[in-house]
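Below, each structure is written out as structure tokens.
You will see two complexes here that share subunit A, one where it goes with subunit B and one where it goes with subunit C.
Moving on to the complex of A and B:
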């Protein structure tokens, strides 16, 4: 347990040294936030007040919360583990006395913990100034939102982890990685809220773990769902967590049997 | 005379070298068939989701930023064609900071070819053709669905628009790459203008906040890539920040932007001090 905590802390420190990356990331997230907010607000004003249950200020809040959480939740992932499989370095990870999945998750948690403030705060401040935000005034949504964020971050981690582990079987994962990223970005409700989708797409999205990766924490934090709905959404997140965890576990088990390290 | 011949022969070798480099690149990219197929599919799906995003907004409302679905599709197609060509040729400058950090740039600097030309060919990403294919399909659909009253001027505009768009995005990529010489860890900064520009270009400009209309037309000319020329083709009035006469500004803007970005690029290469590689 201690080892994982150390991994989390050192990952936090590692990411905190790249300050310029954090500043430029926050800048870009804010510019995209401005573009997305203006597009959604224009659409809502054409529609005459609301689309898919989102009024203007609610849609703006949705955009800014999404832009703020995007990096902490790890929506763009990384291909680091696949590189380690390719180079054979993963063999070193496998010999360590810590669980492979848990050790990488601990590092991702450290990254997310650092990213929350420098990447999350600027878009929210800009959003509050430009469009205004509608945030709940009671503590409940924030408490459940916090749990939902940890769950969503873990789901995103596991999703990319699984894609990375494909490297045990294929030479180059970039295509699969890209396919996953693009589908996830769309179906997680990152581009437009899931409830704006046409019915067939909505049904499809809801059958995947993707809305649990972004739409759920954003909706809970914005106070769009009552306690019962929020609990049901978190329950869905935990269900997907169990599914993806099982998948990752099986892949590590069978993948490491397939692993060939030359001259290791 | 001898001098000219010598010059000629170096040019020939350079051209040969370039062709050799490109064809070797293309062969290596198609070597792993399964992975390459997934790569191309990824690019097609990427373009598809960009389209679905627009569709997910438009199926809720009759017009978006004053454009019907078919008209918005025309904007989307222009932007997509322009971006995918620009990305195909110069998208690699996005990872300039890696080349700087790893010391790969030294290798490029020692070769007798301009660095920019080497970047264009050294990672000519064939998979990005998938995106272009989808964009062309979208353009065909847009032309079929919209009612454009063609005249010679509009035909000329229709032809130069994708080229100007490709040039504008290419220049933005060069600028983003150059900025990474100063902001080695800050590569995301440039993304606000390259990928942010693509995002703006593919949407109806009138849907933007007014200050952003002005910024993305007269500072970063993203709306000139697709929305402004589409206004001319469709004979529509533009919003306050993007008057419809800007429809013809794509090509001049591309030329000006290239001039500025090349200056920036030259300054960046001069500034480069190496990473001890």
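Moving on to the complex of A and C:
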């Protein structure tokens, strides 16, 4: 356990060395937040005050929470592991006496922990000033929201981890990567809330882990769900966690047996 | 016995583009390469073994099978009493591995920050790894660059860090794949001195692959020569007397052109030929009979020397020689 904690701490420190990148990232997140919020707000005012149960301030809250969580939850992913398989550096990871999945998760957790303040806070502050936010006034949603964030961050990690692990079997993962990004952006509720989807698409989205990766923590934190609904959503997240973890475990197991370490 | 390999083999299937033109080029053919063929050897505790061979001879493939990151096609291997592939994580706590061309340090952290992580990975309390770290740091002179990020270290500095990282948990066996590649003479020598000290002091078993014969001569009592996937020679370093027979070559540039026949050569030296209209001459000599200094002194009596360079026998030649002498 101690080794994973050390990895988390070191990853936090590694990311904290790139402060300029964090500042420019926060700026980008906020600008895109402004664009997305203005688009949604003009759509809502054209529709006559609300769309799919979202009032103007609720839609703005959805946008700003999404922008704030985007980076900490790891929705951009990283192709580091695929690159290490390609270069053969994965050999070094495999000769360490730690579990591959857990060691990369621990590092991603450190990254997420660092990203919370510089990447998460600015969009919320700007949102509060520009459009106002509608946030719950009780502690419950924040407590469950925290658990949901950890679960969503882990799901995002596992999703990209699985795509990365495809590198054990195929030389180039770019195609799978793009397909995954398109599906995830749409079905996670990043572009528009999942509840705005037509019924058939909503059914499809709910059959995938994607809504658990962003929509769930956003809804819980915004106080859109009551306690029972929130618990059910977190339960769904944990279910998908078990599924993806099993998938990742099997892929590491069979992939590393199949692996041909490239280069000398 | 710390390493036991029995009839170890590994094949690779390589896809090749089809020959010819048009559609034929799309038809791919696969070819099987036997990277390691029926290799059997054992290594005893405390031994220092040099595993040498030309590029593509199968050295790295063997190392990968020993460390559990490559599944053998057939055969059996035991390292520290464990089976490398299924027991890879347990094995990692008993061995240290240095891949000369890869890094196990955290690239964007100060060098010293890698060690607490490695200590924890090996499940050692700080009271155990910290004194060892101080010892390694002192012996390898890491002090001046401990606070520099690994990405800013010179190759020689990083290599010292890599070796310290591999030895932090006091492994029983250290496997080094080309540890001195790309290092300058001074860095090479300090690394060799340290590894030799480590083996004498702690009884650590060393297995190293290298292209540099000086590594072997300084560190190993025994060599395994692998050629085309099979072991061509397994024996003590004294068996390297054949290697000593391999001649060095001195290339001399004279101030004025000179006819090769006009050179006065001492016994043990042979004129190989002249280039650049008689300015440059190549002379082979047997280092057991003749020192480079003596040869130069003898040659200088015939004409004025402008420049010279010395060429060591390359490992391909040595392997060929060992191979023929072993038969």
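Here, the second predicted complex is superposed on the first by the 261 of 264 C-alpha atoms of A that agree within 3 Å, B and C clash if a C-alpha of one lies under 4 Å from a C-alpha of the other, contacts with A are read in each partner's own complex, and residues count from 1 in each chain.
The rule is short, and it goes like this: a contact is a pair of C-beta atoms (placed from the backbone, for glycine too) under 8 Å apart; a residue touches a chain by one contact, two chains touch by 3 or more.
Nothing here was measured: the structure is a model prediction, and the numbers come from that model.
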Clash-or-fit label for the pair subunit B, subunit C on subunit A: fit
Subunit B versus subunit C as contact partner of A:34, first or second or both or neither: first
Contacts of A:21 with subunit B and subunit C, given as first, second, both or neither: first
First (subunit B), second (subunit C), both or neither touched by A:134: neither
First (subunit B), second (subunit C), both or neither touched by A:195: neither
Touched partner set for A:43, first subunit B, second subunit C, both or neither: first
Touched partner set for A:174, first subunit B, second subunit C, both or neither: first
Which superposed partner A:208 touches (first subunit B, second subunit C, both, neither): neither
First, second, both or neither for A:5, with subunit B first and subunit C second: second
Between subunit B and subunit C, more extensive residue contact with subunit A: B
Smallest separation in angstrom, by C-alpha atoms, between subunit B and subunit C in the superposition: 10
Subunit C to subunit A touching residues, read off their complex: 12, 55, 60, 64, 67-71, 85, 88-90, 92-93, 97, 99, 101-104, 106, 108-109, 113, 116-117, 120-123, 149, 177-178
Residue ranges of subunit A touching subunit C (in the complex, touch as defined): 2-3, 5-7, 10, 13-14, 17, 88-89, 91-92, 94-99, 256-261, 263-264
Residues on subunit A engaged by subunit B in the complex (per definition of touch): 18-21, 23-25, 27-28, 31-32, 34-35, 38-40, 42-43, 46-47, 51-52, 130, 170-179, 182-183, 185-186, 191-192, 196-198, 201
Interface residues, subunit B side, partner subunit A - complex: 32, 34-43, 45-46, 49, 52-53, 55-57, 59-65, 127, 183-189, 191-192, 196, 199-200, 203, 206-209, 212
